[in-house]
């Protein structure tokens, strides 16, 4: 059993709580820095996508998981980021600047979406975000002068000054660095007043206002930061797949992002990483398993989607806390061992307040 | 300190508050009593600017606050608790209390993302203040407990704590003793006295428990059907015939 | 002028289909507070059932369609019984994701059914190709039948809810599950019944849609237009859903005719955003406030 003896307030404020934390995270950092040298390019490319989805997922988690604003159309911010980066680079802007601009443009769009959303809640908010996503997608399709419309756009390889990040390993390190910075930034935000304010807005708008939280400013900040992060992810996405077109950023991608934060574990930043790994690894796993399945199942084009849908339902009904929740339960069990009592972790039946009587 | 003049508001034809006027003096404990539906909580909601005023004015320390935004009330030094408890269910007691300090925090978004030493200092200062309240209300063993697992009585205390954390000059308590047993209500008496004398906070309290009202209040306001019935000391109110007819019974 | 009238008729016709999908959607929402993102997929399954009975098994049209209605209704009730029932009380977010997941699963499984697959199909219907000429406009019989069927169906549903015991019981369950339970209404069965009815209506929508959008596993995406319709009409209002659907259909068609390309695809969503900003409770909805 673990006892924590706290001796000063800094314990609760610090990022790394104790020696144990520092040890494990250092090990992880070592693995991430040294590992890529030995990894095959195929794995590194997957790693790049995991990093991209971690950045985008962190953005969505901030908005929907922590501030409680459901966003069904987050792919739109990916698209804005991807197209900003691709178009600016086409016009000769160096990548680092294009990257920052992608985030800035996405943040601006985030505020545009957030403004009408200020007065909307629950399902209305969700549907509004969906509507915005459709409209943004259509604008990108029709604005052919800039985006080349449905024919799509080739994307230049990202480069920093004279150094092009061409190989999977190069790309991996770049995305890794940005992903770590993004996660740190969000973690910092969440343990500061603004982050607490966002969670307050999620749990009770009235009480938050009574504490002096400016709802409009908090929600718009969440939209802007969330969109900016997703925009960055979009820029890297464009670089990774080399060719973008509007039909890649549809509701399917938005759903992928939502699945990411849900299955990873809503309300936990670790969940973003688990979710990103899940979303990127699942199609790979399925193609591996195909060899072991009877042919009439294996050859179905809908197999992946079927597994996806099924797993989503499964997690929602059985483990709404996601992979992070499962991990916490395992840790708890071993932490309590051998005193674990059956039923200790059984979820209490909760009854959400009905909207109407 | 607080003055309410001819306050009125309608909800779809029902006059929830119909021309109420009263004033609250600095440093006193002022109770509002009345039957259900008298408009007591509505008055609170008007003062803390959750509802818009139909007619009349609200003055706080001389300034007209009738039309300010509801998030600006805390900065002025007015804090409140809610009749049906409005805590942040997904947070811990500590997080709820720390949120109470929000109006004192001055760091910018960028400073917070980078978690500069200024943010660090602010957090430590907030934590020190919150610990004082935890000590006053004896919430030590609940610090890291999630709200949604706590008993009703504890939640009520956390609500009061969170309101105190904002560092108010005026505290509005909406039925603080409802749902509490005798022992918890006795604690409440001590806490309200401490809040008044040690912390120097003016308290306005909506209450049904006449025992509690009589033991802590300096003055009592009786309301019925959105209007003021009587205003005076607890003894005067308990003897007032209109109040007895409308509310206290024989 | 003629173009306008033809556009109007097309718009009303597709609007009727949106109305039916929105109707099914609102029925479920009113009764269970579940926002069913899989409503479009129910429509798709209904169309496929009809396709199977009529085109593959060669049953006559007016046998195949009622059969498909029943099959889809059973499918809807089964969905409720095995999956959706477990979601009651969960947060909006979870329910939205769950029905989205369900939609994905249904779409994928449908593509695996032998005979359905990923190709586009049609349903042989008795009015294909026939056209009515009225005052210079050509109105296809298919458009006419959509409008007529929708009117009849909505009328039947109205009568059902107002005058039959079960209908009144369903209304009661929608307004307060607790109270309905106390007076002896089997609430769980009511839920299954609502899903069955909603799925059946979706099936009819799918059959009516077949001449326009054909039968294909992705047809469900059209069902997303049910949201703007439901919001426009006022979430939770059945007449609202119908009126909302028709308005969306007309606005869409006319946008296609008179506005630059691209506006037609987003017309419904622009209307949605306008409604949410100006009058969030829609045309017939009631704005609710919670007590603090």
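Here the chain labels run A, B and C in written order, and each chain numbers its own residues starting at 1.
Definition applied: a contact is a pair of C-beta atoms (placed from the backbone, for glycine too) under 8 Å apart; a residue touches a chain by one contact, two chains touch by 3 or more.
Worth saying up front: this structure is predicted, and the values here are computed from it rather than measured.
Visitor: Taking mean CA positions as centres, which chain lies farthest from subunit B?
Guide: With centres defined by C-alpha atoms, farthest from subunit B sits C.
Visitor: Mind naming the chain pair that shares the most C-beta pairs in contact?
Guide: Chain pair with the maximum contact count: A-C.
Visitor: Measuring centre to centre with CA averages, how many angstrom lie between subunit A and subunit C?
Guide: 33
Visitor: Cα centroid separation between subunit B and subunit C, in whole Å?
Guide: For subunit B versus subunit C, the centre distance works out to 49 Å.
Visitor: Rounded to a whole Å, what is the gap between the Cα centroids of subunit A and subunit B?
Guide: The mean C-alpha positions of subunit A and subunit B differ by 39 Å.
Visitor: Could you list which residues of subunit B touch at least two other chains?
Guide: Residues 50, 82, 86 of subunit B touch two or more partner chains.
Visitor: Indicate the residues of subunit A shared as contacts by at least two other chains.
Guide: Only 206 qualify.
Visitor: Which parts of subunit C, given as residue numbers and ranges, touch two or more other chains?
Guide: Counting only residues that touch two or more other chains, subunit C contributes 292.
Visitor: Could you list, by residue number, the parts of subunit A that touch subunit C in their complex?
Guide: Within the complex, subunit A touches subunit C at residues 64, 70, 72, 116, 119-120, 122-124, 126-128, 130-132, 134-135, 138-139, 141-142, 206, 251, 255, 258-259, 262, 266, 300-306, 308-313, 316-317, 320, 349-352, 354-357.
Visitor: In their shared complex, at which residues does subunit B touch subunit A?
Guide: Against subunit A, subunit B makes touches at 48, 50, 69-75, 79-80, 82, 86-91, 94-95, 98-103, 105, 107, 109, 112-115, 119-120, 122-124, 127-128, 131, 162, 166.
Visitor: Give the list of subunit C residues in touch with subunit A in this complex.
Guide: These residues of subunit C touch subunit A: 33, 35, 83, 86-87, 89-94, 96-98, 100-112, 118, 175-176, 217, 224, 227-228, 231, 235, 260-262, 265-266, 269-270, 272-273, 276-277, 280, 288, 292.
Visitor: Quick one: which bits of subunit A touch subunit B in the complex? Just the residue numbers, please.
Guide: 9-10, 12-13, 185, 188-189, 191-197, 199-200, 202-204, 206-215, 221, 225, 267
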